Every structure is written in structure tokens, then in C-alpha cells.
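Given below, in the form of C-alpha cells, are the structures.
What follows is chain A paired twice: with chain B in the first complex and chain C in the second.
And now, the complex of A and B:
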């Protein structure tokens, strides 16, 4: 209790101004927190309250005659000059109290069950809680008849298997765990782009792969019926492709889906067999891309871009070759562009450094740079040796994800980078630092970046990247791909303009960006080795019967 | 066609658990979405969750039985008597107190003050020092009110000479007891024990008690369930606001008092009741106690039949775990403090009054009480949200106690400890705040969420019982 010892005592009576005691206590507490206020009381003038004021040393002589319906304001201030200011503030608080709007009525359920009371028609649960809790929530959702998109990662594989078993029993779909993106009934879930609805249905066990093909289809004039993710682990032997098969079968039955596009890294052989058995019975066209494993089907698409173009061609009633017809000419143009860009670089700068936010893009880069048939005519990979923190195929593992070696592609979405940090599609700080470090490396010729737009991603990635690219452009070539559409919140064209203005070359797809960057590094390496024989372009398209 | 195919023909409606930005996206594109304010479940012993989950059907069935008994309760005020005459097991050396069991050594200031006041009132000691020596001597047996079918607000001290209300659960026959409310200011239940406090206690025994007892005898009995149900429609939640219920009580007893007592006594008693907005609190507590005691001893049930605090510990008892107390430290409430006081003056939460929340009243019915919702630091909409959240942790909804503002929905009733732990949603309690020093009294009022530990322990305790008694 404050005892009157120092300070100025000031009082004020408002006749007949009734406020309930809680409002008065609230305002009293507010007043006590104002600068220069040593103690304060805002009370109705009842005898009990006057006794309390007396005990606190706040009873002013003029309060003696107050009645129950009078409002008493007693202030003890550090300096007398503040009285008017504080009284004005109290007046404002009373006005606020009178006009307080009802707020916070929006329901804030604390659990799935609470949410279902508010939204009894819910048919999908989007779960992104920490991995150790995610399976429990997913199970509860399945038990209540909801489909599940499990964005969370770090869900143990036995829990994944159990969830998918339960889902299969109930005819439900589990997308994930670690499913970053999907488009269901035109609604973007997680990280997803704004694409028109249409007739091409996608099933993907590769998150950014799904974003790449859906945006390329949209930019190519097509639309998406459904784009369903499964999480990368679904196609492993242990899980058995349960979700992939469910999604595929649903699209096969879906009257709004005319063409089906399947995207995955190479599945377990038994899973691949199971899926191809389903595909055989599908009566509509199916395009399959198992990135890095064409399973002998050399006529099939090799990249996400080719897969999207193939799906578009089939949807238009054309054949696959027609869909890919434009690519060889672009390859020639890219080689010319690579030569122009390489000409600006000293011969000592010869390595490629890919800094990826999308895991599928990092894998696709390895397929293109180390294994692509463009280089097949030369009898050796386009770039070697190639290193990665997420190696596939012939790629070697980096000693440390933090330090590049020779040609390197890094997936910054891997665990070693995301512990306690937002995903690199949201938080660009790590990539910006790495971009500066790579440009400063005197052996680096080209930095390759993926920029992913859409809901969930950074709201303006160009604003982050442009200054860093401008700072690096005089030393290295910067090649970007921008995954997105005009309708995305960030607008693809605006993003591209800003990146180009900063000095980057923006390719139409991740595959195209990999080709261009790969050629720049290849040309520089040849210069460095004194190999002046001009590279021969052999595009897969020209090999086809 | 799978159900996934059906989904393609429906409007997508999403429950979002986790990153709120995903919900914002969904709202932006116009998809019906509810975002869950999700928190991880409370941590329990490694195998407890598995045991509880394996027995979930048994628990649900037991909880349905417990809830049915709670909802069927018919608390009636049937009369009054002296504590020593009517409360079972209350010997001359026994003092009852609020909350779980506690020794004199561990008692907080206000409870010690109330013990001193009670010993002075009983004439067992003449001074504070004498009373403290007696309390520490081991002669006095301290026992929870709850173990004697009684409840007491704040310190909740009941001594043999105190008059108590007798509430009977007419449906099941069990009785509950509570003292009469002394009013606000310096009172025994807040640990005050000055001369005026003791004098008031004597007046209550000598004037208030006989007047009320005669009036109640004339009335026969009073249906407390009905009074509470009406009061909820009049802006009370019968824990922190009892103005309407007290007024209803006043209306019911006044004619009987006028007919059975002299003018002066009748006047002073009616004045006393009129001037104390909390007079009904002790009756709402006894009504809740009589109601919940009928749900004790239902094997496998995870429904709480007691939440109570002694100013040091917060204790919980379950329908399915017998007489076991599950406790953890009581917390200092966030409150609005009276002028001159702050949180630094406050004692940790104290009193048996959380029996009202246990019975679906108080904080669980705060949406019915717009006049006091500002204690939560918000408006009526916040209160609705608090009550709405409590539906997530209860076994069901009340069939008698309703909330007008929620379209007369029944209040959330029957706290299910399994839900509390698995959803990490802790019961919401209205409370008064006592000064931590004895003898000063109430310094504020506010709300708080119950501490987690007693509920975690209760959950683990139930798991042990379920495992031990695997049938």
C-alpha cells in the first residue's frame, strides 16, 4: 500500500457519472501506469470507497461530501503541472470505455474437436504442428472422416505407415508427412501458386516439382483440376506408395481430369511396378516423370518442364513430340547466351554453384548437370565432379553443406539449414550470405538460384535478392528461375523485371536455368583446360525416333 | 469411387492446425477455414498416455455415467445447524480448511490468519500468539472441507461453533455444508482476525443464524438449482458475481423472515444480506458440492469432482480415483487490484470456490455474466470465447444451467482431465484475491487458468488405477 509522503495530491469529482467498478479498476490501473503518477484511485463516492481512499492517503477534503453516484478521481503526482494532462487522459479512457466495441468474437478453438464444432462440414485438416505431435492430430482427423494434408516433417515412418493404413481403410487421403504444397478443388494449401482450374490433374511426391509443373501448365495456357502431394517418403518401399496410388486412382475416376501428370523422384521398384499397373488401366493420358530414372522410356520427359509441356500437349490432343518441339531451338539460343556471358568472365572462374530453396529443383539440377543427355554426345557428364548436400545419382556428397567444392548444388531446405530457422523460401538471409560468399570465390563462374513465388513464400523475394545480385553481377554470372504465375501475390513478371534489372538472367524454368548455368560453367571449364573445341548440342528431342 | 473422389465434388472446408499463415491464405481465397489455436499436449509419464488411450472407451462410458449423475443432481437448501452437530467427523479439535490437505507449517498467511481467527472465535485462545502456538502444537487437527462434505470460500475455515447451511442433493440423498458469507472487506475467509471480525462471527451465530434457520424451517426447503439457473439468466455466474442470486435468495426468504423474527432482528438480517452481493456464493458452492459428490467413486471416470486451493497447493480429485488428491503449486492470479495494492501483495490462489467451475458455473459460465467479464481484460466477446473453450474439456453440457448469450446453450459441465491434458486447455477460474499477509483481506479480483501440474498428476493417477485394475 502506498503511503502519502511525497508528491502533489490532486482530486476531481464528476457528479452523477456512474461507472461499474470493474471499468473503474481498469481505468485506475491504467492511470497508475501513466508517467509521473505515483498513486491514483478512480472510484465511486461510496462510504466504503472513501474509507479505502483514507487508508491509502488519497482522501481529499472535497471528497467528504461526495455521494454514491459521484465519481472520485484522486491523483498523487510527482509534479503538480501534470494534473491537467492526466485528467484529460482519464477522460479519454472513460470515453473509450463507453464506446468499447465488441471484439474477439471470432472463434479460437483449441483443438480439432473444437474446430469441428465451428466448422462441422470440414473435410480436410491441414496440419503443420511440430512433427512429434503431428501424427496424433492426423489420426484424430482421419478418425473423424477428414482428409489430411500433413505439412509437418520429422514424423516417424512407422507412424506414417499406420496413418496411411487407417486412411486407406476409410477411403481417405493422407498427403505427407512433409507435403509442402497441394491444390485441392482450386484451393491452394501450404506453399502453392495461383493457377487456373482446368483439366490436368497432378500427383507429386516432390513438393517444388508440383509447384513447377502447375505454374508451367498455367503459363502454357492450361489449368489444374487437382494437384495432390504425397510427401517424398510415400514412394519408398516401406510406405508402398499408398497415398500416391489413392490419389492416382481418384484422378483416374475424376470426370474433370482429362490428363494425369505424375511427378516423383525414382520410386522403389515394387512401388513403381504397382503404380504402372494402375496406370495401365487408366483410360486417359498419363505423363510420368520419375526424375533421374526414365526406366528405359527415353521418349518420356526428362525434366519437370518437359513433363509440364507433355501434359499440355496431350491435353490439347497433340502428341508429346509436338509439346517438346520448341526446346532444341531454345537450347541453341541458350548456348549463344552462355557464350556471351562466359566471355565476360576470367578463365579462372569456372565452377557452378547452385543455391536451391526447392529440394526437387536441387535434384533436377543434378539430373541435368551430371546425367543429362545433352552431354551424352560428348561422352562425359556436363559437369564433373558435382557435389551436393543432397546427392542423387552420380553426385558426390559435400564434406560440409556449408562449404562448396568444385561444382556444387546445395539444397538449403535440408535439415542442417532449417533447424530453428524458417524455410529458405520464406527467409532469404542464408541464401543472400551464401550468394555473396560464392561470388567472392575466385573460381566461381555462375550462381544458380531458384525463386519460388506463391502463397506461403516470401512476399517479395526480388526485394531481398536484387541488391545481392547487383553486388555480385560484376564478378559472376547469376542465373535464376522464377516459379510462379502472374496471379501469384508476388507477380511473376514484376519479380522477373526486378531480378533482370539487378543483373540476373531469368530462365523460363528450373530446367532451362540449369542448362544455361551448366553451359556457362562448361564453357569456362573448357577455357580453363585449354579445350577450345566448340561444344556440341545434342538435345534429347533430336534423338527421338 | 473413394471418398477422395467425393471430396472433389464438395466445397473444400479446412481445419488448420499449426502455421496461421496457411489459414490466412485460405481465408484470402475464400475457403471456409477454422484455425486452431493449437498448443502441444501437456507432458505426462511415458506410459500414461498409452494406458489412457487403450482404455478410452471404458473412460468415455464411465464419464457418461458421471455426467448423468452430475446433471441429475437436485441441490436443495434444507436447513441449518452448527458445524459440530451436522458435519460428520468434525470433532472439537478439528478445523476444516479450503483446498487439499495441508499442515500448519505450509499454510499461507491468509489461511493462518483464518485459523487464528477461528480459534479466537471458539474461545480456544485469547491472543494471536496463543492461537498460533495452539495451531502449531499438534492438538488441532486440520482437514480439508472437501473430506467432510463441506466447502469454504477463500481460507474456508470451519470451526465447530460455526453455523452452516445444509444442502441436500434430493436426487441421491447426499448432504453438503457451507458457512454463511461474511461480506467483503476484513473478514475471516481472507485471513482477518481482528476484534470486529470475531464480533461479526458472533453476530452471525447469535442473530443471523437463528433468524435464517427459522425462516428456512418455515419455507421447508429452497431449490438452489432453480435459483442458480435463474441467476445465470440475470447476469451472474455465481462465483465472482452473485448479485442476482443473492437478490433471488432475498426475495425468497424475506417474507419468511418477517413472519418468524422480531422487527429489529429481521431488519438487521435483511440489511446484512442486502449489503453483501456475495451472500449467495456459499450456497452456490454447497449446491455444487452436493451435486458433484454424487459422482464420486465411479470407476474409470476422468471427470473432476473437486478443484480446490489452499493458498499453497491446487488440488484435484477425480470421480474414478477415490479419495486421492492430485496437487501442484497454486498460482498468483492476474487480477484487477484495489487502489493501493498490486500483484506483489497477492496470495496464491485460495479457496474451495472453484467447485463452481467444477460444476459448470463460475468461469465456465462467464459468458452469462457480461458485467464481470472485464476482469478478463476484455469485452463480452472474450467471455464468450472463454466459455466456448471450456466446452472442449468437458464431458458434456448442462441441461439446466444455460447461457442466454449462447442461444441458451447449457454450460460446459464435467471437467474431463483427459481432455485437459491432451488439449492442454486448462480450466478457467474466476477468483477473488487475498492479501498474502493475514488480516488484511481482499485486494483484488480476477481470473486465471488452473495450473497444469494437478491435472497431469490426475491423468497419471488415473492411468495407474486403470493399469492396476485391468479387468
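And now, the complex of A and C:
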């Protein structure tokens, strides 16, 4: 960024660009020898260096905003017309310095400009820096004509709004902030899975939700054209669904996308209205899942699994009912499985404890456990009361995220657990401790776990979980879902085999795992209360027109 | 990858760290509490916050976890298929920390009776002769050996130097005049954050200053330490360690050799000068100038009389 040109004084700030002192001194000397350069300094932007620049007559007002990790280039020139030439020469010097360091090795650019020098044709920047710096980097990327995937969280909402306005003006897409997952032109970005390319395009405001549907589509024989994340805040009233709408329109225009799948928690009503208006003009089939709010559309999907199956059915030219045909039968099988597992437990063990690494999975669990699918006709939810540190719907908030109450589902990816430590999809230590603690609780019947595979996640989660499951299996039932594909680095089948060998029951989806675990707890609670009436399983699909 | 763990510093705070900056032989990792761990090659050597791994450096690691018996390095969030070593992005390397690899980087405190004046002039001469001309070593010339042509930072006096370097040199001279008047905190405050690189020269100078104060258990140490801390996370890590009597291998050898008059002081000086472009020389200047000042104070007068200024 050229920050100013005041007479013969000019400057440049390279944000977040650091070089060793040898490089800085060498380049500083070189610049001083250039024609028309009267004086120059190339230094890091510490307050003290800025004071020295001021005393040297080389301080530009814009430098006052610099940080100690920003590089300042200050120039005093014989004539202002030389600014661009000199700056271009300095850039070339930095490029030379970089190429010397990376000779024979992978290029490791340390700034956006450096990255663009290495890969001039790039049209998307993935930004993962501390939240307070992320908006600056995203703006710089947008100004250079790049789409942005903003992995960073803790970006202030006013900055998110400003970035999305800028993107909209330039016809660009901002995925995020807090966008953990995307698959663009077949390349998984962030926490994403290896799925085949295909004709189903996905827009999701939820990272693990996006992983679940893309992997279920892949396992169902379909493929993904594009999977675009927007970050959870995009669909709130303040942001207005800007990125969600842009992504939806992009898929509508994409010749390789035949079916569009939209995944989000319930958006702000005005955002929902805006999206609905766009969908009405899309000529391709669109499947929408606003998790926990079906807006009266009883024929639509209620879970991530149903949404994925619906998209697959539409892609194959079938109808929704055909796509979901296998689910009711699975319910009967799962009840038998639940009865078998519950029979091993004493009646005093009756509570469910869900320990989730995916926020969307935790939300989906609450939706499913609060439904009356098992207790249809009885007029009460599957499990109640239900507690969570990230409650939705009728779920109550836990007094402390660290202490379970009755039936509890915990999102271990919430800030209270991730401050100063990696995400639970990478680091299982917290979950392992919690699993042991829950198993030791004499009232707990079943522990429910999500295991997310793919890029970014733990390289071998089964190796961490298996010993803990084996240690817990004699006291509680352990039910897992494994989100992933065979092509993932961890291999889904290998992971499933290890978990099953340790004593877990692995369900085909998070929704199925929630149903199974919920039924185990329900059966145990009935036993505890002396209710011997067998559960009446009525899958929601059977009630649909 | 077959990488071996050769050293784990004794000043490392257990916890989780993320990549801060990466150079050819050093990858710096920081925690949310701004603690630092530097993963370094054997050429850099042991240090209070160093994890020494064999190999050529430039590793792909992007996060680090230090536990009591284990060091875990991970690289994350790389797209696949874009290079030979990017097959997938969940790479992880675990190292067991045995007692053999734990580095003891603590300096030994010194009593007046143990001081030897022999090595001080030799160290000063060697630093002056071989230091990068842009380092703060020129201050040794000014304060200890009298003006020496060519020992000023390049450009600080000549017509070819930048105004920045001239002002920096003037500021450094002013700081040293404060040191000479026993205003150690004032000196440290004036120099902190000044100069090139991610650990500016002034911070390296202050690291030497703090190491000298630690060795004699100076009562000034806490105040000077507070004055020396800057906005630079990396600098602060080294300043904090020096204030706790811990140094990287090269400055540690140099300090012990100077203080005890060991014969290998010239070799230790050469090793120190090889640290960074100016870092080693800047540290040496800070240590030697402070040591001189301390020699003038009780209980070191007797030793000072032997220095032969």
C-alpha cells in the first residue's frame, strides 16, 4: 500500500511482512543508491523506530498506525515522479530475497503481495490470522480482485458488514468470517473432506453441517460441484445474508451445478425472505434445510442426512420420498439395537451425554432429541429436559459448560473450551477426559460422539478415542457418527473398524447416532420410571404427504 | 520424517503455541499468553526457549504443544495436491523429552573474587574488529577504546548513511551516556525497539544489559527489565529469559568466558558475532558496556583496577 506522497516524501507499509535484519539493511542500502533517492529507511514499525523516522524527517502520518510486525519503507526522493519506480525496485529486491531463501524449497510467501507474486493467477485468498488483523487482510485481498475465504473468527461484525459490502460492489464473494469449510473447484479448504466432483452445489452457514452433507452425498454416489461456506453470522439481520445470497446466485449460474443444497440454522426472517425470493427464480432444484425450523414445510428435510439424501434423489431425477425411503426401516433396526444395548445397563443409568466437536452436530442433536419421532402419539419429546452450553429451541442452558445436567449435549468447539487450545476436531484431550468423567457418572447410560475426518482434523482420531471407549464400554453405551469418506486421509472405514473394535456403535450419520443414543436413554428412563409401554416408533417421513 | 529432538530449553512454558514467524533456521511459535518457543537447527543451538531439531530447518510445522514429557509439532490447513510435501494437512510429529535433551541454559552467578579482567579487553577488541559495522558495537569504541575509524555504523557519520542510521546512532550514544551515569533503566528505555529486524538492535543490547545485571544479582534488575520490555513479542521473550539468567548457547558461552577470563573468549566472541546480522554484536555491546559499569561499582572495584583501561 502506498500510503502517501507528500512532496518528495513517500512511503509504503507492508502489513505483517517481516524480514531479518540482514535483508532489511541490504535492501535499505540498495535503495539509497538508486537514482533520485535522497534518503531511505526500511525498518519494522516499532514505536521507537517510528520516533527515529520522525527525527530523521522520514515519518509519514500513516506510519503512526503501523505495528511492530509491519514493515515500513520511507523514501525521500528528488522528485515525486520516481515513487512508483523506486517502490517497484524495492518489491523486486524483496522478491529476490525471498527467492534466495526459498531456492530449492516450497515457496513460503509472507504477505498477500508475496503470495500473488508466487501465484499471479490466484483468484481466492484464504485468510487465517488473528481476528483483529483479519479484516485488513481480507480488504487487501478484495481490493486486489480476490474472493476471500475468511477462516478467522473474532472479526468485529461492523468489519464483516463493510467487507461484504465491498465484495458486493466488486462482484466478489466473502466466505466467513469463521468459515471453516469450503470445497472450491474440487479443492478442499480448511476442515473439508475428499469428495468426488459432481453436480450438487452446497451453500452452508455451518462448517460441520457442510462436511456432513458433502460426505453423505459422496457416500451416496453423488459429487460436489462447489461447497461454499458463509460463516454463521452471515444470515443474521445485521449482515443480511449477503454472502449466502451471492453464493446461491453463483451456484444458480454455475453450469456444472444441477442441484443446489442450502444448509443453515434458521436465518433472520428478512434474510429468509430474501433467500426465498432468489430461490423462486432459480431454475434448478433447490433443497433447503434451516435446522430446527422447517417453516411449516413438513415435506422438507429435517436433518442433515435427510437434506443430503433429498439432494441426491433430486439429482437422480427421483422425488423426495424416494430419496428418504430407507430411513423408516432403519428406525426399526435402530430400536432393536437400542434395546440390545440398553439391556446391558442397570436401570439407574438413564441419561444421555453428547460430546460434540461440531457445533452443527450439537444443534442437530437438540433438534432430534426434542422431536417426538419415537414418542409420536405420546405428546412429549424424546428426551426432556435437555441441557446444552449452546442451546437452541427448547433446550435449557447448562449452569456450567463443564458440568453435565440430566440429558446434556455439549459443543466442545465453543469459545469456553477452545481459548488457548486447538479445536476439538484436532485435539481430543478434552473430550477424552470428559468421556471418562461421564462414564464414571452412575446415572449416565449413553455417550454420544461425533468424529470428523478430513483435512485439518486429527490425523488419526480413532487411535485417541479407542482406548477411552474401551475403558468406558463396560459402564455406558458409546454411540458415534463418523463424518468422512474413504478417500479422506484417515479413511472412514478404517476409523469405523477401530471404533467398533473398541466397543462403540457407529451410526451412518450424526442424525442416526442421535436417534440411536436418544432411544437408549429413552428406554433407560422408561425402565427407571417403571414405564413398560414399548416405544412407538413413527418416523417423521411416514407422516408426510 | 525421521527428525530427532536434540534439545528442549529450560525456560519453556508448557502449553500450546502457534506459528509466529519462520526463518531459514528458526521457526518461532507463540502462545496466547505471548510465551515463545523457537524451533531451531543445531547451528543455532540450545537456548532457554529453544527446541532443537536436527535437519536443515524450514520445517512445515504450524503449531506446537509442549507437555512435561512430550513435544508435539503439527502442520495444519494445507490444501492437498499443490506440492510434494502437501499430501495432506494433518501432519504431526511427536517427540519424547528425555532427561538427556533437557537444556540447562542458566548462567552461573559470579562473586567478585572470581572475576578475571583478562578476557574483557580481548573480547572488546575482537567484537570491535569483527562486528557488523551497522551494529551497536561502535558504542564499545566510543566508551572503552576511544574513537576507532571505521567502527562507527556504516553511514552514521559518512555522507552515504541514511538519516535513520544517523539518528539511531545518536540515540544509542545518548543511551550509553545514561548507562555511564548509572541510569540503567533510562538507557534501556531509550534503546528498546530501535533498529532493524524482528528483534531490533536496541533489544539485543538490552538483553546483554540484563544478563550482566543478573550475574551480579543487581537490585536494579527488575526496574531495568521493566524499562527494557518493548512491543516486540520476540524481543520480550529473550529479555525475560535474560532477566531470569538464561541465555542461548552463543551469548551464554561468551558471557561466561568474559567473566571468568576463560581462554576461549575469542572463539566465543566469533560464535556470538555469527548470531544474526547484528544481534550477536548488539548483545555483546550491551553486556560489555554494562559489565564495565558494574566493575566500577562495589564490590567490583578491585577487579576493575585490573582491567587496565
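Here is the rule we use: the second predicted complex is superposed on the first by the 432 of 545 C-alpha atoms of A that agree within 3 Å, B and C clash if a C-alpha of one lies under 4 Å from a C-alpha of the other, contacts with A are read in each partner's own complex, and residues count from 1 in each chain.
Note that a contact is a pair of C-beta atoms (placed from the backbone, for glycine too) under 8 Å apart; a residue touches a chain by one contact, two chains touch by 3 or more.
Computed from a predicted model, the values in this text were never measured in an experiment.
Within the superposed three-chain arrangement, the count of touched residues of chain A is higher for B, of the candidates chain B and chain C. By the document's definition of touching, of the two partners only chain B reaches A:116; chain C does not. By the touch criterion stated above, A:459 is placed in contact with chain C alone, chain B being left untouched. Look at A:470: by the touch rule set out above, it reaches neither chain B nor chain C. Using the contact criterion defined above for the overlaid structures, shared-chain residue A:25 touches chain B and also reaches chain C. In the superposition on chain A, contact of A:46 is made with chain C only, not with chain B.
In the superposed model, A:249 lies in contact with chain B only, and not with chain C. Within the superposed three-chain model, A:151 lies in touch with chain B and with chain C [touch as defined at top]. In the superposition on chain A, contact of A:129 is made with chain B only, not with chain C. Residue contacts after overlaying the shared chain place A:58 against chain B and chain C alike.
Under the contact criterion defined above, the residues of chain A that touch both chain B in one complex and chain C in the other are 20, 22, 25, 28, 39-41, 43, 48, 52-53, 55-56, 58, 101, 105, 108, 128, 151, 187-190, 455-456.
Chain A meets chain B in the complex at residues 1-2, 20, 22-23, 25-26, 28-29, 39-43, 48, 52-53, 55-56, 58, 100-105, 107-119, 121-130, 133, 136-137, 141, 145-147, 151-152, 170-173, 184-185, 187-190, 192, 225-226, 246-247, 249-250, 253-254, 256, 455-456.
Contacts from chain C toward chain A in the complex involve residues 15-16, 21-24, 31-33, 58, 60, 63, 74, 76-81, 83, 85-92, 134, 155, 160, 162-168, 171, 192-198, 200-202, 230-232, 276-279. Taken together, the chain A residues at the contact with chain C in this complex read 18-22, 24-25, 28, 32, 39-41, 43-44, 46-49, 52-53, 55-58, 67-69, 74, 76, 101, 105-106, 108, 128, 151, 187-190, 194, 419-422, 426, 455-459, 489-490.
If you check the complex, the residues on chain B that touch chain A are 1-5, 7-8, 10-19, 21-22, 25-26, 28-29, 31-41, 185, 336-341, 345, 371-372, 374-375, 377-382, 384-385, 388-389, 391-392, 423-425, 444.
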